[in-house]
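One chain, subunit A, appears in both complexes that follow, with subunit B as partner in the first and subunit C in the second.
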Partner chain A sequence: MNKFRLTLYVTGHTPRSEKGIRNLQRICAEELQGTYEMTVIDVLEQPQLAEDQKILATPTLVKELPPPLRRVIGDLSDTEKVLLGLDIAALADRNERKGK
Partner chain B sequence: MSLAPKNKKDPSFDKDALPSLFAAMPDGIVVLDATGIVLYANDSAHRMFGGRQLLGTDLGLAVVAGESHADVAVIDRAGGMARAELRAAPLDWLGQEATVACLRDVSERPAPEKQLALAGLVFESAREAIIVTRPDGVIVGVNPSFTTITGYSAAEALGNTPRLLTSGEHDRPFYEAMWASIAEQGFWQGEIVSRRKDGSLYPELLSISQVKDADGQVTHLIGIIFDLTQHKIHQASLEEARLQLQQSETLREEIERRSLVADSTVLSVVGGMYGSAPLSRSAREVFDELVQRYGRTLELAVENLALKAGNPVSDQLRALAEDLGYLQAGARDVAELHSETLTRKSKHVPAMKAKAMVEEGRFLVLELMGNLLSFYRKNYSRFPTAVHNVPEPNTKAVRSRTKKGAT
Partner chain C sequence: MLGSAITAVEKLETGIPGFEHVSVGGLPKGRTCLLSGTAGSSKTVFAVQFLVEGIRRGEGGVFVTFEESPENIMSNMLSFGWNLEQMVSEGRLAFVDASPQPDQELVEAGSYDLGALLARIEYAVGKVQAKRVSVDSLGAVFSQFSDVATVRGELYRMAVALKKMAVTALLTAERTEEYGPLARFGVEEFVADNVIILRNVLDDEKRRRTLEILKFRGTDHAKGEFPFTVIPGEGVVIIPLSETKLEQKSSTLRVTSGNETLDEMCGGGFFRDSIILVSGATGCGKTLLVTAFVSGAQKQDDRCLLFAFEESREQLFRNASGWGMDFETMEQQGKLKVVCVYPEVMGLEDHLIRMKREIRAFKPTRVAVDSLSALERVSTGKSFREFVIGITSFIKHQEIVGLFSSTTPTLLGGASITEEHISTITDSILLLRYVEMFGEMRRGITVLKMRGSMHDKGIREYAIDGQGMHIGAQFHGIAGILSGQPMQISQPEIERMGSLFREELGE
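Now for the complex of A and B:
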């Protein structure tokens, strides 16, 4: 199974950032069970990294692996929309497809 | 007259006008393809992103929960940040699946002091004084109760700092602790003494809370003052009443205690005064001998009852009381002596005799108590102040006498 590599870009230690991190942790735990690598980058602490990656807004969630590279910005609380935006079929769907 | 049909025919409402409409929109409009690449961005969007070229860049697919908006930070080219509300909707863009994202800059949203002015009902009518300051302490708002309590008008307070009210009653560490609490917990509450405009001091309950924006940055401090002057007066009168009550209680207890001296319960006072362990524990051997003596006296008393033998029960009780007195026995010791004797004596005797012992024992123990009381009265006339003159208990003497009595 391919391992997912996800990076979340946030701005400072704010309630909004924490909410984004919590949402991502939830998505990873529920949908990508054990097959992910998660990184959180504070653009205030590492502005160059954000610049290099051309991060235009926070929170931005980037799926680096598996290809294709995908980004979503905004609210990560809607798991389904986030997975769709990242082009990740929900685990349940994948299992279902495998079963068939 | 409806305008709609007319507008439909209006030649100026032409699709050629749309670019200028989008360009003039104050909100940033961005069209994204299914993978998050920017297909279109209006002037406001370019402005928000610091003049970057947005077309063809990967902004990321806009995700918003439900029908609401997402709070995002937009990064401009210089690394600056603007708070924005992001809204998104699906769109058919020239035949391809797309998303239109609308970004509204909310960095300039009304500051809390303005919002307070709007939601002013609570602010205006609260009995507590409310002070709103900037993080640097400069007062940006006070309510009418502030003037009532402190004597300073709003005009005098605005632009000043709460140091205006400093009484000088609290030291530096006090304020340091207060500010440390605010910094750590975002909150402080306590009683402090402040100074009114007329120079008079007054006690107050002060609560200070931080106000934070969506990013968690402190924008304001809110101080709420509850004037404790009346409360303190009330508390003082309560305390006075409590003291008076306590004094009268003490007086009552004293009277009771003194009257006890003249009462038969003097025995328990003596017992309690020495506060020592009961004889049954402190001088077990002596106590056992006393139990035997009392037991024999009890037997004699029962004999008297049944046979009219005329045994010298009262003499023996007087002698016993005297020994108990020298031992500084109290009512507790007498009661123990009585009950232990009865327990031992009634064990191996017929039920009838046991019953007789219990009944006769009641008179015996009363007489013994009376004798002991007389002993104390005779020996310590100014009881209890002279109680310290009680002779040292001489258990040896008692023992030798007990032995003599036994033979």
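Now for the complex of A and C:
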């Protein structure tokens, strides 16, 4: 099964950053069951990475793998939108159909 | 007592030609300035030029783009001779690319801020030791995100952060009307300390670009709209009209008009630093007078620059040789330069800048323009007036004698718009007029005005032949030439009127 590689860009240790990280951890645990790799990048510490990825808003979640590359911005409190944005719902659907 | 930490607003010289004059020294240093304009009003060019000029002065620059990709901007700006790619590789310029990424859909799931953008700007400013930052354009940020309130708040935070970084920043914003709300999305609310407006107004089928400094908080600037133009290889060039101060030195040195009798009529020739207007209907000999003036530059150290807007080089040279004047030899000797341009090829602002450049390069002692009315064709009244003031004051400033010809729309008498604009600025006016007498067209010349000198007040007849212009005696027994309705006056009437004045004078 494909492994998800997710990177979350945040700005410092603000409540919004913390909330974004918590939400992502929750979604990963509930929906991806161990098949993910998650990195958190603080743009204040590594601005060059934000520059390379052309990140504007924080928090920004980038799904690097599997393709296609997807981005979701916000504190990820809307789980449905996160799944939609990451194309995970569709994937889950397909798996379900394959299983049947 | 005020603390010593409070100082008056300093200005930062931008290096944009003409801007220092309009802004009385440049942009307020360490502050942010809103640059607002409609689409196509050259905001991006201005914003880039601001950085390029800084980099030429050793001040690093950061360009934050929300609209075009850095690659696009780099290739677009090459036409102005600005190699941004090289500046980036030399570490003097940094881009913060915040342009929309077309291949990436953006899903919003929860609340967000633009913390990454601020971090990137701060990082770029540090990386190139930037003193100047341009942000282009604020409105484009709103199209990337759905939460307008958040974006507005974040842009405000960016403006505050820029101030803290002690950089001088130019933030562009688009507006929908030339004379309407300052900017879309209400962005002026948070960068309202300093506001510059660029306009690109369609006036009588012609585009006219102007720059206006709406406000500079706490410091002075020139008021009103100033025309500017965008020139390949240079960028924005502002034409500061108020620069044209009336402080020309006055010379008593005389130079020849190229016609001996005319020199006599003018009291010994034209003044060295004066502007002469020659007005006349078509075919009455204006170009001949211009040609004579050009060939008057025979003397040592005398050089003439001729701007021809009506005739081609070949025509001019052929006409001159027809009157026995050898332009070709003069040109070979470096005494003459002829610049022939069709008025229609560019806007009047561009003509003005080009003419100034030619004058600076050739350093003539006399300048002839044939004719001003041809230029009038391609402009609106306002920009023509600005052009005339601009070119005449420039010429006078260089202590050059300038001869301008102007065609009157009617054959007999009459004035043209050109004269309305120029007559108060010129030092001398020569009128060439057709005179209808006894069933034939004759020609008359008069010196209407000659500032600072005695001159012949009579209207004298002249003839044109293969040798040029021959000015003869005064018209006698005729009145109403200038009004275009000459009337014969019988001899006894003249005597009667003459005696009338004598009595009044107490003779």
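Convention: the second predicted complex is superposed on the first by the 93 of 100 C-alpha atoms of A that agree within 3 Å, B and C clash if a C-alpha of one lies under 4 Å from a C-alpha of the other, contacts with A are read in each partner's own complex, and residues count from 1 in each chain.
By definition in this document, a residue touches a chain if its C-beta (ideal position, glycine included) is under 8 Å from a C-beta of that chain, and two chains touch if they have at least 3 such contacts.
What you see is a predicted model, and the numbers here were worked out from it, not measured in a lab.
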> If subunit A is used to align the two complexes, do subunit B and subunit C fit next to each other or clash?
Replying inline: clash
>> In the overlaid three-chain picture, which partner chain does A:H13 touch, first (subunit B) or second (subunit C), both, or neither?
In response: first
> Of the two partner chains, subunit B (first) and subunit C (second), which one does A:R71 touch, if any: first, second, both, or neither?
Replying inline: both
> Just one of 109-117, 163-171 or 271-279 in subunit C runs into subunit B once the structures are overlaid; which is it?
Replying inline: 109-117
> If you lay the two complexes on top of each other, which residues of subunit A touch subunit B in one and subunit C in the other?
Replying inline: 11-12, 14, 16, 43, 47, 50-51, 54-60, 69-78, 81-82, 85
>> Considering only the defined contacts, which subunit C positions touch subunit A in the complex?
In response: 96-98, 101, 103-120, 122-124, 144-145
> Touching subunit B in the complex: which residues of subunit A?
Replying inline: 11-16, 43, 47, 50-51, 54-62, 68-78, 81-82, 85, 87
> What residues of subunit A sit close enough to touch subunit C in their complex?
Replying inline: 9-12, 14, 16, 19-20, 23, 43-44, 47-48, 50-51, 54-60, 69-79, 81-82, 84-85
> Which subunit B residues qualify as touching subunit A in the complex?
Replying inline: 35-36, 49, 52, 54, 57-66, 68, 70-75, 79, 81, 84, 86, 88, 214-216
